[in-house]
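Single-structure report; data block below.
Each chain gets a letter, A, B, C and D, in the order it is written, and its residues are counted from 1.
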Amino acid sequence: MDNANTGLGKVPEIITGNENDGDSGDYGDMSASDSDVQQALEVVFQSDNIHRRKSSLVPSNARPQNGRKHTNCFVHSLLDENNGIYVPSHNASYKGLAQERKVDKDPDGFLDAGHQSRLLTKKQIADMAFGIREFAKRLAHIRLKMNVQHVFLLAKAHDATLIANTREVAEWLLKRDQPYKVYVEDTLEHNKVFDAEGLLASDNSFEGRLKFWTSELCAKRPQAFDIVLALGGDGTVLYASWLFQRVVPPVLAFSLGSLGFLTKFDYDKFQSTLSGAFQEGITVSLRLRFEATVMRSQVHNGDSARDLVEQLIGEESEDNHTHKPDGTHNILNEVVVDRGPNPTMSTIELFGDDEHFTTVQADGICVSTPTGSTAYNLAAGGSLCHPDNPVILVTAICAHTLSFRPIILPDTIVLRAGVPYDARTSSWASFDGRERVELRPGDYVTISASRFPFPSVLPLERKSKDWVDSISRTLNWNSRQRQKSFKEWS
Amino acid sequence: MDNANTGLGKVPEIITGNENDGDSGDYGDMSASDSDVQQALEVVFQSDNIHRRKSSLVPSNARPQNGRKHTNCFVHSLLDENNGIYVPSHNASYKGLAQERKVDKDPDGFLDAGHQSRLLTKKQIADMAFGIREFAKRLAHIRLKMNVQHVFLLAKAHDATLIANTREVAEWLLKRDQPYKVYVEDTLEHNKVFDAEGLLASDNSFEGRLKFWTSELCAKRPQAFDIVLALGGDGTVLYASWLFQRVVPPVLAFSLGSLGFLTKFDYDKFQSTLSGAFQEGITVSLRLRFEATVMRSQVHNGDSARDLVEQLIGEESEDNHTHKPDGTHNILNEVVVDRGPNPTMSTIELFGDDEHFTTVQADGICVSTPTGSTAYNLAAGGSLCHPDNPVILVTAICAHTLSFRPIILPDTIVLRAGVPYDARTSSWASFDGRERVELRPGDYVTISASRFPFPSVLPLERKSKDWVDSISRTLNWNSRQRQKSFKEWS
Amino acid sequence: MDNANTGLGKVPEIITGNENDGDSGDYGDMSASDSDVQQALEVVFQSDNIHRRKSSLVPSNARPQNGRKHTNCFVHSLLDENNGIYVPSHNASYKGLAQERKVDKDPDGFLDAGHQSRLLTKKQIADMAFGIREFAKRLAHIRLKMNVQHVFLLAKAHDATLIANTREVAEWLLKRDQPYKVYVEDTLEHNKVFDAEGLLASDNSFEGRLKFWTSELCAKRPQAFDIVLALGGDGTVLYASWLFQRVVPPVLAFSLGSLGFLTKFDYDKFQSTLSGAFQEGITVSLRLRFEATVMRSQVHNGDSARDLVEQLIGEESEDNHTHKPDGTHNILNEVVVDRGPNPTMSTIELFGDDEHFTTVQADGICVSTPTGSTAYNLAAGGSLCHPDNPVILVTAICAHTLSFRPIILPDTIVLRAGVPYDARTSSWASFDGRERVELRPGDYVTISASRFPFPSVLPLERKSKDWVDSISRTLNWNSRQRQKSFKEWS
Amino acid sequence: MDNANTGLGKVPEIITGNENDGDSGDYGDMSASDSDVQQALEVVFQSDNIHRRKSSLVPSNARPQNGRKHTNCFVHSLLDENNGIYVPSHNASYKGLAQERKVDKDPDGFLDAGHQSRLLTKKQIADMAFGIREFAKRLAHIRLKMNVQHVFLLAKAHDATLIANTREVAEWLLKRDQPYKVYVEDTLEHNKVFDAEGLLASDNSFEGRLKFWTSELCAKRPQAFDIVLALGGDGTVLYASWLFQRVVPPVLAFSLGSLGFLTKFDYDKFQSTLSGAFQEGITVSLRLRFEATVMRSQVHNGDSARDLVEQLIGEESEDNHTHKPDGTHNILNEVVVDRGPNPTMSTIELFGDDEHFTTVQADGICVSTPTGSTAYNLAAGGSLCHPDNPVILVTAICAHTLSFRPIILPDTIVLRAGVPYDARTSSWASFDGRERVELRPGDYVTISASRFPFPSVLPLERKSKDWVDSISRTLNWNSRQRQKSFKEWS
C-alpha cells in the first residue's frame, strides 16, 4: 500500500487555499489540487461558489507543490509528518528560558520533545493548541472529497442487534461497485450472528475484501483506514477514540436510537448517507482531545517530608527524578480524578502551568473537553460548551467547600492534578469513563491539549447548526414550541 | 497636538522583547521602531535577550514602514486607524453569500460596515474576533514603554475620601520632573476638598498643567490621554469602560481596599507603582468587550401576527426595516436582559447567528464576557472563566425550566436576545449594571465582540499569575493552606 | 342564612372514618355528630369500617357537645371561632418572659393578640403551627361529606374561553336537582360571552340562584361559600388564595390544560368529578400559608445612626414605635424581597426569631411555603418540598456570595427580612408574585405561619400519591420508563 | 446496679409537666419530682421562673406517680421500656388494612413489630416519628439535672494528642469529690501515652474507678453510662452514634480545634464546662437518626424476568420471601448509595412508602437527616436544614438528568432505594461515611426514622441560637460584619 503513510487516516486529500489571512473562514477560499485520478484525492468547492472562485485558485505556500504527493498536503503535514499537530521546531538558542523548559517532569531525558505534549515547552504547547484551532476552523469550512478504499466498522461486539447491523452494513459495502475493503472486529470472525463464512459464500467477489481488525492494528496502522463507521451510541464513538490513540480516521457515527451528541446520523438511512458521503464528500468537525499522563512518585530514601507543591512548582521542580510517567491516554470527553471505592472525600492539589491553583476537597474533579461538556461535566454542575471553544473545563465533583466553582481555562494551559503526600487515602483517575487507575499519595496526572484531535463527520447540510441541534434534542429545548415552565403561577 | 491621532490612546509605542519571567513566549515577529527621542517612543528589549534578538529585527508586514511615524505602529494600526480592531476589507465578489450578509438588520443602509460590529458580515466578525485574540496574545508578552504626557485621573467624585486621594495623586504627578498634564473630572474644579485653586497656588510650575475632563472629551478625544489612573474599586474600572466607549487608553487601577478582579495595584504604593510604570513600561491585558445594540421593532400597519423568529431568521430576515437601532454600548462585564420591575418572569427569544437557540423562561439572562464571569454571571450560577478565553458566557437568571444550563459560546457568534411579540410584559436590558432600558415586545438586543477591547494594566512581575491570584484572593481559595472543608466527618 | 357563620367555609360537616386505600390511618378520636337532616350535616363512616368503629364513638374533648350546633364541630372550632387556627389563651402570669413577648413590634398596643400572627408570642406561634400540623394530618385522613348549597366559581375573567367554561359549569350546576346557588364574578353580569340574561331566561327555576360575587364579599363573608371551583391553571388557585385572605372555603381546581401542582382535576370530567364530590365527599389537603406584614420605619428627629439590627433584636427591640405595620397578606406560595427595578443587588438583613441570621447580598430572597417550593423557590435553586412538611424555605436569588445556600427552617420561626438603614437603594417585596411594595431603608417584612391555611381538595383515590404524581408529571420524571440520561457514554 | 435499666442512658431523671396542650414550649411548665437525694434525680426550673411556677405543679398523666421510681419517668418510658421511642400498641382489629401492613418485607415473620422500624406499620411509623418530634421539643426546653456516676470518654485512639487529652480529662474526673467511674477505650489499657498504670499509681483513691470499655459493652449496656464525653471533631460524634446503635447516652462533645456542627464546647474550658454540666444540668437536642436495613434479593429458580418495582409495590409486594434483611444501621448523618469503585453511573430505583418515585440516573443518592444536611448533603447540592425539622433530605449525587432536584420528605415516609435487576453493575451503600456494602442487582436499602434518636448536649446559654451559630461559624456568615460580596461592581 503505497500511499498508506498519510495523515488523518490518509483519506482526505484536502487542499487548503490562501493561507495569508488570519482566519479564512470563507467556504470557497480553497484551491484545487491537480486532478489525480489514481489517488482520487480531490478538492471540491462548495457547489454554489464554483463559478466565481476560479480566480482564486492560486497555490498557497502550504499547499502541495505536487498534487500527486499527498503527504505534502496540509492535513498530512500537520497531523502525520509532525506526529500530530504541527509544533514549531525547537530553537536551541532559547534553551534555559522558563518558557522553553519542558512543562512536566522528564526523567528519561527524551530528546524528542514531540513524544508527549507534557514534554513540550510552554511555547510549543501554546503554538500547538493554536495550530489545532486554526486547522479545525479551516476544516469546518471544507468539504472533503475522499477516495475511500478501506472502511472500518465499529460496534459493540457483545450486542447481537449491533452485530446484525454490522453485517448489514458490511454486506451493503461489499456489494457496491467500488471494491471497498471492509474491516470488522476480529471477534466477529467466528461469530454466528455475523456469519462471516456465509457472507463470503454469498458472492465470490467478496473474497479478500472482508478483513478483521484488532486493537493492535488500530494502534499501529491507523492510516490504513479511510473512514470509521461507528454503529451504536455516543459510547461507541468514545470507543473509537480509545482505539485510535494517535491519528484518528474520520469517524462517521450512526445512532441506532435517537441521535446523540456524537452520533449524528440515523442508522435507518445509512445507505443514502454513505452514498452521499463517498460521492459528495464530508465535513469534519475536529474535536479537541486531551493527552493525560499518569506520573508516579519515586521512592526516595529517608525522604520523610515530601511536598507535592515543592516538587511540581517549587524548589524541586527542576528535579526530573521525583516522578516517572506511567501511561498516557488521549481522551475525548474527560479525565476524572475521584475518591474511587473510598467512602471519604479526596484531597487534590490542582496546578495550572507553574501555578498552584488550589487544594480541592471534593469527591473528585472532572477535567473535560468541550466535547465532554455534555457528559460527566454537566452532571457535576459544569456548563454546556460549544465544541469550537479552545478551552479546558475544570469542575469539582461534590466540592466540600462552598468556594469552588466550575472553571474555564485556555487549552494552552497544562493542568496537573495530584494527591498530596499527606493524604490519608489514594484517589483514582479514569479516562473517558474507562478503567480507574489508582493514584497513591505523591502521584499526579498531567493533562494538556493533545496533538491528535478527533475528526467527527458532520451532516453537510446542518453543520453550522449541529451543536445547537444536539443540545436542543438532548436537553429538550424546543426551538419554536416554548419550553414548558415549571412555574405557571400567573 | 501633533501626535494625538494614535490608537490605544496613543500611548504605547511598544515594542516587544523577551522577559525573564515564566510566561513570555514572544513571537519574534515584532520589530522595533527607530528610537525617536522627541517622541520618546522607545523600543525596549528585555535585558537578557538583547544580544540575540538583533537578528530578528526584520520588518513584518504589520510593522511601521517608518519608525518615526508612530501611528504606523502595530497597535495603532489595529486599534485606531481601523476604527478598532482591524477588519479585513470587504471583497465585493463575496456579495450575496450568506456569510457575507450583514449579521443584523441595517435599516439605514450604512455603507460603512465598520460602524458597528452587528453590521459586519459573519466572516468579518470572525476575523475581527480572531484579530483581537491574536493582538491580545501578543500584548500579553510585551512590555510597553510609554511616553506619558497626559494622565487621566478617575474616581467617584461624590466620595470625599476618593477626592482627597485624587488630589494626592494629582499633586504628586504635578511635582515630578516630567511636566505631566493631569486631568481630573470637571466637577472637581470648584470642589472644596479638591481645592484646585489651592493646589495651583502652591507651586506656579503647576500653572496650565491641571486640566478638567468631561465625559464629552472622553467620547471625542480618547487619544488625548496616555494613561488612565483609576482610584477606587472594580466599579471605577467599569466606569472607565463606560466613559471610553471606543478607543480606551490603558487603565491602571488602584484599589483603596483589598485588591479586586480589575484593581490590581495597592493605592498605598501608588508612587512607586507609577514611577516604575512610567520608567520601565507596563504590561497590558487586553480584555474582550461586547458591543450591544438595542433594536426597536417598527410599527407596521395591520400587522397583527408578527413573529420575532420570522423577522430575525425566517422569511422576514431580509427585511431591514422591521427594526431600527436605538443606542449602542461597549460593555466590559455583561449585558443583562431581565424582568425589571415586573414581578413575573420574562420570556426571551435567544438567537445565535442564524439559529434560534431556545425560548428562555426566566427572570432574565446574563450575557457575560470572560472578565465579567466573576460578577453577575457568577451570582447567576455561571462558571469562572479565564479572561484569555475567546468566549461568550450565557447564563439564565432563575430559569423556570430545569433544562437550561449556562452555555459557553465562541466570541465569533452574534447573539440576539429579544422579547416575543406575544409577551405579556416588557423586559429590561442593562449594560454593565447601568441604566435599564425597556425592551417592549418585538424589541431585541444584538450582542457581539467589540472592536474596542479594554486594555487593563497588569503588574509586570505577576502577569501570568494574575488571574489565579485574583480568584484565590476574592473567593478565599488558599493556595497552600487548605480550604477548610465544611465536611469534617472523619 | 342561619348556619353561615361556620369555619372552613361552613361546608364540611366532616367526619372521619377509615378508607380502604393505602394511607388512611385514622386516629379514631373523632366522633360523629348526630345525623341532622335539615342541615345535611352527616357523618360518614368509610364503608368497611362501620362495624368496628361504633365502639369508638366516645366524645373527645374536641368533639361537639351537641351535634346539631355545627359551629361546635372540630373544624369550626379550630378555624372559625378562634379566628383561624386555635391559639391557646394568653396567660397573664407569663407576661414579661421572653417567650411571652410578642414576636414583633406592636405600636398600637393591640390587646387582641389574635389579630396577626406577628403579634402572638413565640409560644403561641409554636402552638398555632403545631395546631395546623395536627389539624392537617387529621384532615388528610378524613373524607368530608359536604352539604353544598353555595358554589363559588372562579376563573380569570379576561379570557373568553374561561368565561365560556364558567358558564358551562354554572349552567350544569343550576340544572341539578339540588337548588345550588352559583356565584360568578360580578364582571360577568353583563358580559356577552357569559350571557347571564340568556342563562336565566333559559329556565325559570334558575331565578334567584345565579349570584355575583365581588372581592369585598370574599373578604367579609368567606363563610358564605361552601366550595370554590377554580377553572384555569395554578395561577387561578393562587388568585383564590388572594381573594380569601382569612378563612378559605375548600378549593377544587380544574385544569384546562395539563394538570398542575394545584389543579388536580381534569376539566373535561367536571360533571363526574362534581357529582362524586357532592355525594361522596372530598379529601382536603390543608396547605400552610404565610402571613406577611410590611413594617415601615418611623421617622425620628435627629436620629442619624439608626441600625436595623439594634431595632429588631438589640437594645431598641423593646421600643414598639420604631416601626408601624403597613398591610398584611396571607400568601400560599412565597414572599420575595428583591432589587425590583434597581439594576444593582439588594442588601437584606435576615432575622429568625431573636437572631440575626446574616446579611444577604443578592438579587433578593425568596421565602417559600412547601406549596411554593415548585414555583419561584425552584427557579432560585431551592429544593422540592413535600407539602406536609412544617417548614419555611429561604432561598437567595442570585446570591453574590458563595457561602449562602438554601435554608429549611421550622414553621414555628418568625422571619424578618429588612433593608438596612445604610442601604444605597430600596428593595421591593412581592406576595405570591403580585404587586411589588417598595421597602425603603429601615423597612422590613415579618413572615410567619398563618392562622388561615389553604384547604385544597384532592382526588379521593389518589390522595396519598398526589404529590409525587404532580412532581413526576411536571418535571417529567417517568416512573416506570427510565429518565433518559443526558450521559450515554457507555 | 439497681437502676441501670433506664432509658437515655439512665441519666436524666427529667420530669415533664402539663401534657394537655399541644406544644408546651414554656420553659417553666415542668413540675418537680420529689427531691430524692439518693438518686439525685432532680427536675430543675429555669431559675427566673421558680417563684411563679409553683401553682402549675399538677401532675400530668405522663409524669411519674412516684418520683422515686425513675423508670416511670417520661424519658424512660419512651426510650427504654418501649425499646426506643414509644410506638402505640398494635390493634388486632386493624389487621389486613393497608396501613396496618408492615411497610417492608418480613421474611422471618417477626411477631415483634418493635424490632425494626421497617417492620412497623405505616401508622406506627407516623406515630413514632410524631413521638420523637414531641419528645425532642420538650427536651429542648428542659434543663436536665443528672446524677452522673459513670462517664464514658471517647476519642480516636490512634492520635497521641487525643490520648493525652483523654488522660487529662480522666485524671481531672478522678480527682473530683464525686467518685465518678471513668470509662476509656480498652486499647488504652496498655497504651504508653495514656499510662493507665501511672495514673492509678498516682492516687490510690483512683483504684477501681478507671474502667475500659469495648464496643460490645456499648452495644449491650448503653444504660451503663450516664454521659459520653467526646473529644475531637464532628467525626468523633459520628463515632459515638456508631458505637451506640440503640439507646444513646447524652453526648457532650469537645472540639480540639474550632467548634463544629456537633462539637459545641471548647476543649480548653472542659473543667468549667463539666463542673457546670454536672451541677447545673444540661440541655439536650434530640437529633433524628435513620434506621437503614440492607435487603438482599433471594435467588429464585428460573426467575428470569424479575422486576424490583413489582416486588416492592406491585403484585409481588405481598411476597415476603423475595428479600432478606442483611444488617441494620442507625445513622446520624446520611445513607449514601453510589457507584462505588465503578466508573460509570448508578441506576437507582427510589420508592417512598408504596410509591415508585423515580429511577435516578446518577453517581448516587444521599439520604440525609437534618443533622447531616451540612455534611455530604451540602456537597451534593442539598439545602441547609434546621435540625428541628422532621424531614428526610434526598439529594442526587451528580444526577445525569436535569430534572432531578433535591427533595425534602416528611420523616414519616419509609424510603427504599434499590438496584434494578437489569442494572449492569452493582451499587454501594455506605452509612455515615463508613464501610461500603455492595448492593447487587435486586438488593435495596430501607431507610426510615429510627426509634433511637441521638441526644446531643447543647450549651445552656446558647441553645436557641445554637444552629445559626454553627452555620455562621462554619460557612463564614458574618452576622454583623457584612459578607464580602464577590461582586463589587458599583
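Simple rule for what comes next: contacts are C-beta pairs under 8 Å (C-beta built on N, C-alpha and C of every residue); 3 or more make two chains touch, one makes a residue touch a chain.
As the structure is a computational prediction, the values presented were derived from the model and not from experiment.
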Reference subunit C; chain at largest CA-centroid distance: A
Chain pair with more C-beta contacts, B-C versus A-B: A-B
Geometric centre distance via CA averages, subunit D-subunit B, whole Å: 56
Interchain centroid distance [CA atoms averaged], subunit A/subunit B, Å: 34
Centroid distance [mean C-alpha coordinates] between subunit C and subunit B, Å: 51
Shared interface positions of subunit D, touching two or more other chains: 344-345, 376, 378-379, 400, 402-403, 405, 433, 475-476, 486-487, 490
Residue numbers on subunit C that touch subunit A, as the complex places them: 233-235, 238, 260, 333, 374-376, 378-379, 402-403, 405, 432-433, 474-476, 486-490
Sites on subunit A touched by subunit D in the complex: 336, 340-341, 343-345, 362-363, 376, 378-381, 397-400, 402, 428, 430, 433-436, 475
Residue numbers on subunit A that touch subunit B, as the complex places them: 21-23, 25-27, 49, 52, 93, 97-99, 122-123, 126, 309, 344-345, 347, 352-361, 370, 373, 378, 382-386, 388-391, 393, 400-410, 413, 464-465, 468, 471-472, 475-480, 482-487, 490
